[in-house]
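Look for chain A in each of the two complexes below; its partner is chain B in the first and chain C in the second.
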Partner chain A sequence: MRQPAFFFPGFVCFLCLLLSAACSRPPSPLAELPVVPLSEDAETVPFPPGQHGALFVSTMPGDIATLNPLISEDASSGAAISRFLEGLTTLDPETGEIIPRLARSWDISPDGLQFTFHLRRGLVWSDGHPFTSADVVFTWRDAFYTKQLDPATGQPVIDPSTGRPRLRFPSRPAFFQMIEGEEVQVEALDEHTVRFTLPQVYAPFLLFGGGQDILPRHILERHVADGTLLDAWSINTAIHRPRELVGMGAFLLESYRPGERVVFRRNPNYWRRDSEGQRLPYIERIITRIVGDSNASNVAFAQGLTDAEGLQPDNITWISRAAATHDFTIHELGPSNSTSFVWFNLNPGSSPEGRPFVAPHKMRWFSDVRFRQAVSYAVNRQGVVDGVFAGRATALHGYVTPKNRNWHNPDVRRFDYDPARARALLAEAGFVMRGNRLHDAQGNPVEFSLMTNNNNNLRTEMATVFAENMAALGIRVELQFIDFNTIIRRTSESFNYEAALLGLAGGAPDPYASKDILMSDGRLHFWNPQQASPATEWEARIDELMRLIGRELDNDKRRAAFFEVQEIMAEQQPLIFLVTPNEYVGLRNRWQNVQPTPLGGVLWNFDALWARPN
Partner chain B sequence: MKSIFREVLRRRLGQISLFTRLALYLTALFAGFLATQPVNQQNLDATFHPPTRVTWHDGGLAVRAYRLVDRSGPHYEVIPGEFHRVRLFAPGFDYKLLGLVPMKRHLLQAESPEARLYLLGSDSTGRCVFSRLVYGSRVSLTIGLIGITITLFLGLLVGGLSGYFGGRIDFFAMRGVEFLMAIPSLYLLLALRSVLAPRFSSDQMFIVIVIILSLIGWAGAARVLRGMSLSLRRRQFVLAAESMGQSPLRILRLHILPNLASYLLVAATLSIPGYILGEAALSFLGLGIAEPASSWGLMLSQAQNIKIFMLNFWWLLTPGAAIFVTVIAFNLLGDVLRDVVDPRMKTQ
Partner chain C sequence: MFAFILRRLLTLIPMLLGVTFLVFVLMSLAPGDFLTPIKMQRDVPAELIAELEREFGLDRPWYVQYGYWLGNVLQLNLGYSWSFKVPVTDLIGSRLFATFLLSLTSLLFAWCIAIPLGVLAAIYKDSIFDRVSSFLAYAALSIPEFFLALLAVWFAAVTGLFPIGGATSIEHDFLSAGGRIADRLYHLVLPTIVLGIGGIAGLMRIMRANFLDAIRSDYVQTARAKGVPEGWVMFKHVLRNAINPLVSAFGFSFSSLLSGALIVEIVMNYPGLGTLIYHSLLREDQFVVLAAIMLSCTMLVLGNLLADICLAWSDPRIRLESRD
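On to the complex of A and B.
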């Protein structure tokens, strides 16, 4: 009888703890959000009406680092931010043209310098606060262009290296939204009209400037005032005060557990509706689990644990066996926009100790276009597609993958597998075979090292195929599988390498986004970055064409210029392109209104997807 | 020494383990002769090819012909009624027997170039798993020998001397040993690997890592040997030798070393599997042997892809079986040796 007496007070305490824990937890953040009726200007989507209330489960490959679009760098953070923030314009997922989003329409002045956007009327932020031109002006003028003031004089601080005022909140989007370092003038003509005045003609402004996510002034104003804008909307905000993350997107952050999951809930004040007048989105909640390993998340999908998943090409065969059991479909979207390529270090400089980055005799080979073309002819791309990717990839011949059909030049010079031609080109360039090894005219055996990242098995397999293809020419390739960050350090800082195999993902919707890669002074001009003046004639020509693409408004002329860029790249082979994997997305069959497009993928009309509530 | 060998051979387990080891080391020595294909020869039209069946057909050895049914699997089917002739001791690709004699003859070669002779299937770029396994045995088997030689040599030198002389030498030697034992070797390896990676090619790199590992790893052996020589030092025959005025070097060589030999033999045999497994673990982590060289650990690490389990490409796991057999053989031999050299500790 003594035991219960002992036990009882403890039990009461435990109950109290439970109660207090329950009381201190914030109430569901959206329970009390005021819902403002849909305005007349709301967009009606062209899909059959659906039903509200379903739950969508997905995974993402990495944890989010921030929810602040000014400092977000990684893909996971970017994906989470794009759920709740939107821009004035966007790309049409079918045609690739620019279509209205938060702006209803726009006018461009004849000289191409003034863009006037007419915003949709009666739209509200997720917390019910009206969305007006003041928010647009705030995003550009306050969040991006606020100057750093000298506390003593009250004057803007001038950066000695650029000669321009320093920004108070230096961020990537802020620099991105300057044109050749000059600010864009933004003014509100009335509550629903904004005018942007550009310092010079800038062709992709409608896409890059118009696509800029708009920030809520009524929430972030105080962070601009007290100088904490870059610290706002951090992971801490997401964990403790998700209500502060106000946006115009279809979803709102409901809760976040670091390393575990992110939960989004539908925005009750979203500005799109279906033909029956129901407010979108239909999905009630999105639960995104953070799964570090893409194999593990592919397995989770194959076991029916998630609703949608981007699938690796080499996993399709066994995943498709579970399609009937777990009732899903694998949508094949054709070539993806990720590329893979080999390049040689063409940087003529030397290290601080005076040692050239590349040995002079090797530099002689690498900078000979016939050598690069011979290498390109010797690469068995179709073999890589068939063997390494089990046929689920496409041989790549140019800078733009066929997915980006508006900008893809299908007629560039192709280097189909032809070892005999490769040998002929090498002989023409003065290389000779001695025994089974290739030697240059001076008698040096031809060999080089090739590095690639060690955590991608498809890439390491491509590298071994490349090495075997080179061995067939008598060239010895030493493979180095090292971690990604070391590769980036060696290709962009120490330049201490001979050749590398890497890839680019997320092909840009506008060619001008590639200027950092293609122009000779670009930071990402892989083979020889940040040149003071173009090292070769063809690089000078590419620079000229890229500048034209930047200031030409006529789309046909831009396309012609970019086609020429691709032709030069194919002719000169500074990047020896290999393959582009095909894109596969798995989606459970319960989802309705699914209309995959090559450009937009499967989930582009996410706000119109619906399923019967589970 | 001869009598130990005879004793080992008298026991069933000793015979099994000794002959297994002999077979393994002969495989490593004659890898070029046994391999059916060059170690890096790829065939992108025959990736993940299943093991080809060798049969008796029409009065000679032959392999079945296969057809690629579904590239995306990839999935192969036997073509009924079609065979390719294979020959023993037939000419094939060039190699050097024992690294010296240029040769062309191989144990098994297909006659026609279309025939696919994959005794243990092919891997993700269509390389012959059997040939890679055979060539890989060189790395996996020599690594233990190199490692154990360095470890025991250093252990004997430091342990034996400090145990014999004692006093200050002993004190400092043992503190040094403790210092070495305190180094977290995995982190050291990770650091060394990233620092040294650009300077060495992958096969050199591996030897460097094994040397580093054994340079850290001799501390344990040194401690045991020091204890043993400390106790031998007090034995009457050593005291007698000392009182007769023999030099310390002579005593060490004639009286102490022979008494340590039995322990050394057993310790060496029992710690070689540690190096073999260590190589496998390091290659699995991407720190060991790298492409295009071949080793069992590397082959296993390439088999850790999920699709290999899901699509049941079991032949890619054979390096695991090879490691298993080797390690068991070494451990059995170690046990037998211990029984032989130390009859008081009989296990059976």
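On to the complex of A and C.
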């Protein structure tokens, strides 16, 4: 008779078998990549020579979703992709100017329509295959612009709503690399020269087009041929065939364990060297652990488990206590490029049932510039900085944060905390105090609801301070902390709201990237999106200036125009800016060649960082 | 027997239909969809959003989407993950093992502790051992899993005795085969305890009650009367009869093998199916969520089926007949 007790030893054996099956995976054989000698055209970096071989450990909040730059949406995937792919140009982390990367130099035709890039000679992909203009042409013409063909007729399928041919691989970069919906003509003049002909003058092309990651033709062309380009380079590739992830970046993916870690190895064929002719990068391996969220990631750094970490302002105090024990330094980089702002719904339309989005008497207040200015004067930004961010933030007065030195206009009208002026402006606009409540000229008490997303405690705290500041003016603010998706739906589809507090992160390096926010027909023109024609004169002026910024090649004129945009935004206060958190990066002291810049951060010269091998 | 199994498997079909229908309705009622987050980004052209909505079918009413999905499932195609762009089956397959392993070890842990404790508590009924063990069992039962998980993370962080999260250490790939198994086990210790401890109390109380019932029965009296040694009576007669409800409980545990670890995985950052499902739900990556829910429903039915079969195997008095 069998006893149930026999069940358990069998169970244990089964478990051990499972374990050994899981653990017997050999490390991937990246070591045998063919190494092609450095070419004469390799870039020499201006840092003291270092030593190869160190291991760099970091964390990322959240798993990667893909390694395909065409479909990557989240920050973790983007960070992983930027390790192994590069573009023709990039931004100088000190001056903010556009500097060469894979292209050695470029010429722009006098009419501003033709950009000719001269690629560095003798460069090879990480697998040793030569890097040529064919790869650049492939990236645009095949990966981005391939059309969807009708299987019956063989003709491109036309999208009835736009009247343009449908793309076979619709992706964010593909649409991004079109100018007003028109394609850029790309041709290889010779093996190392490639010419882009634009359909119309497009000022940010050198940055947006030049900064586009170049894809390896010899690896991806079969995916274009069989129509699987968007499915290529998925996490399955990363798990089973990491060698297919070929790039021009300093590192290559060596292995990936879902939900656990991504391991990068140095690219033996990288194209930069130090002054002694040693090939970069110095770091042998990067091990990036995937942790649940940015708090967990901060904790790991504070315990000395990782080498570098972007630290949240509210975590600095306790993390800095561990600085001596774990031998790290917290670099303060000043204001970040994240913004936070309050805006009022200025959409004059009505719902399908004929109900106006905003009650008419409230719309009268919101659309009065004096009301918005009074609100702005009444916001105690320094109070938010001190109370919510413990002093680790900067009061924000304009659309561009001070971090973006090249485009930040420091002289816009400032609305420093001044309740007396706020009251004077409200009185001028016909508002009167009755008891301790503010009323408009028609006798309506002034009150509105303000929504922000409930999963961001910094925002809910800012909203609370804002409501208290308004209460001091006699305005009652009803706070609504709700789900982010609901906010998006209410601000962009149903328009059923009065005011909202949200933020934008990752300030764009070129002002034209803000056109969807600033131009009146823009999708993200928060206060009144997608207008058929500008509702106000100042919005019309901003539209005009933004169009100029799009087609003007002269940098000084572009800057002057964008400065004027910021002045109008500050004067009119359609977005009432609050604060920008400061940026902090922690780095272990063993790393050499560290030269933090406000624009580039601490790790911008990652390929030149080195430490004694551990 | 065969008819019984077939009948049980057939009940899966209406159940899966109902559950997936419910999930589809709920997800379509929830505000926003998979594309909502990218609508807030400044460099996403409206054309791309329209294109993606068309591609994912999000521009259609939910019942049309459900119909398409059902059609694909009938052709054994569970669909694509929108965020990962890989087939859902691949995605779940890549995470399945870690969760399976954790559930198995915690099951083993719970059983290995609960059965002897329950038996001892019954044999030494009303002794100090019985009182203490039931007190501890209730204490363990009353601590919520997520809180215990937080405590475990805190414990690991403060003492440094155990790793904080993960299933393997960063040196894993450079270790010998034995080292890798040890590394894996080392990372399993805390999640196993947290996940297993809640189950101990229930199992132990069931074991104790059944054991007491069996001890009082006539055949035990008979066995004792004819001079069978006490140990033999306990293990040959009492335990055999007391174990039946636990076999049923095993079936339920089996059903939670792949889905029960969700909270523990998330809090302790264990890279299994739970974390994947949770993040997919947050991102409204609906085919992943649907597949995961179908998986747990199937496991529930299979687990109960398995329990019934085990019961028939362990107790010759039970026969699995179709009740026609």
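Throughout what follows, the second predicted complex is superposed on the first by the 586 of 614 C-alpha atoms of A that agree within 3 Å, B and C clash if a C-alpha of one lies under 4 Å from a C-alpha of the other, contacts with A are read in each partner's own complex, and residues count from 1 in each chain.
As a working rule, a residue touches a chain if its C-beta (ideal position, glycine included) is under 8 Å from a C-beta of that chain, and two chains touch if they have at least 3 such contacts.
Because the structure is predicted, anything quoted here is derived from the model rather than measured.
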item	value
Overlay on chain A: chain C relative to chain B, clash or fit	fit
Which of chain B and chain C A:496 touches, first, second, both or neither	first
Which of chain B and chain C A:225 touches, first, second, both or neither	neither
Touching partner for A:513 - first (chain B), second (chain C), both, neither	second
Touched partner set for A:299, first chain B, second chain C, both or neither	both
First, second, both or neither for A:99, with chain B first and chain C second	neither
Partner chain in contact with A:380 - chain B first, chain C second, else both or neither	first
Which of chain B and chain C A:460 touches, first, second, both or neither	first
Between chain B and chain C, more extensive residue contact with chain A	C
Which of chain B and chain C A:486 touches, first, second, both or neither	both
Angle, in degrees and to the nearest 10, that opens at chain A between the C-alpha centres of chain B and chain C	50
Overlay on chain A, chain C to chain B nearest C-alpha distance, Å	8
Chain C-contacting residues of chain A that also contact chain B	299, 483, 486
Interfacial residue positions of chain A with respect to chain C in the complex	4, 8, 11-12, 15-16, 18-20, 22-25, 27, 57, 62-63, 65-66, 68, 71, 73-74, 161-162, 166-167, 170-172, 175-176, 181, 230-231, 234-236, 239, 255, 257-261, 263, 287, 289-292, 296, 299-300, 303, 483-486, 488-489, 492, 504, 508, 513-514, 516-517, 523-524
Sites on chain A touched by chain B in the complex	295, 298-299, 314-318, 380, 383-384, 386-388, 390-392, 454, 457, 460-461, 463-465, 467-468, 471, 478-483, 486, 496
Of chain B, residues touching chain A in the complex	40-45, 47, 71-74, 124-126, 194, 197-198, 201-202, 286, 290-292, 302, 305-307, 310-311
Of all residues in chain C, those that touch chain A in their complex	30-33, 36-40, 42-48, 50-52, 55, 83-86, 90-91, 94-95, 97-98, 100-101, 104-105, 108, 111-112, 157, 164-168, 170, 172-174, 177, 180-181, 183-185, 240, 243, 247, 266, 269-272, 275-276, 279, 314
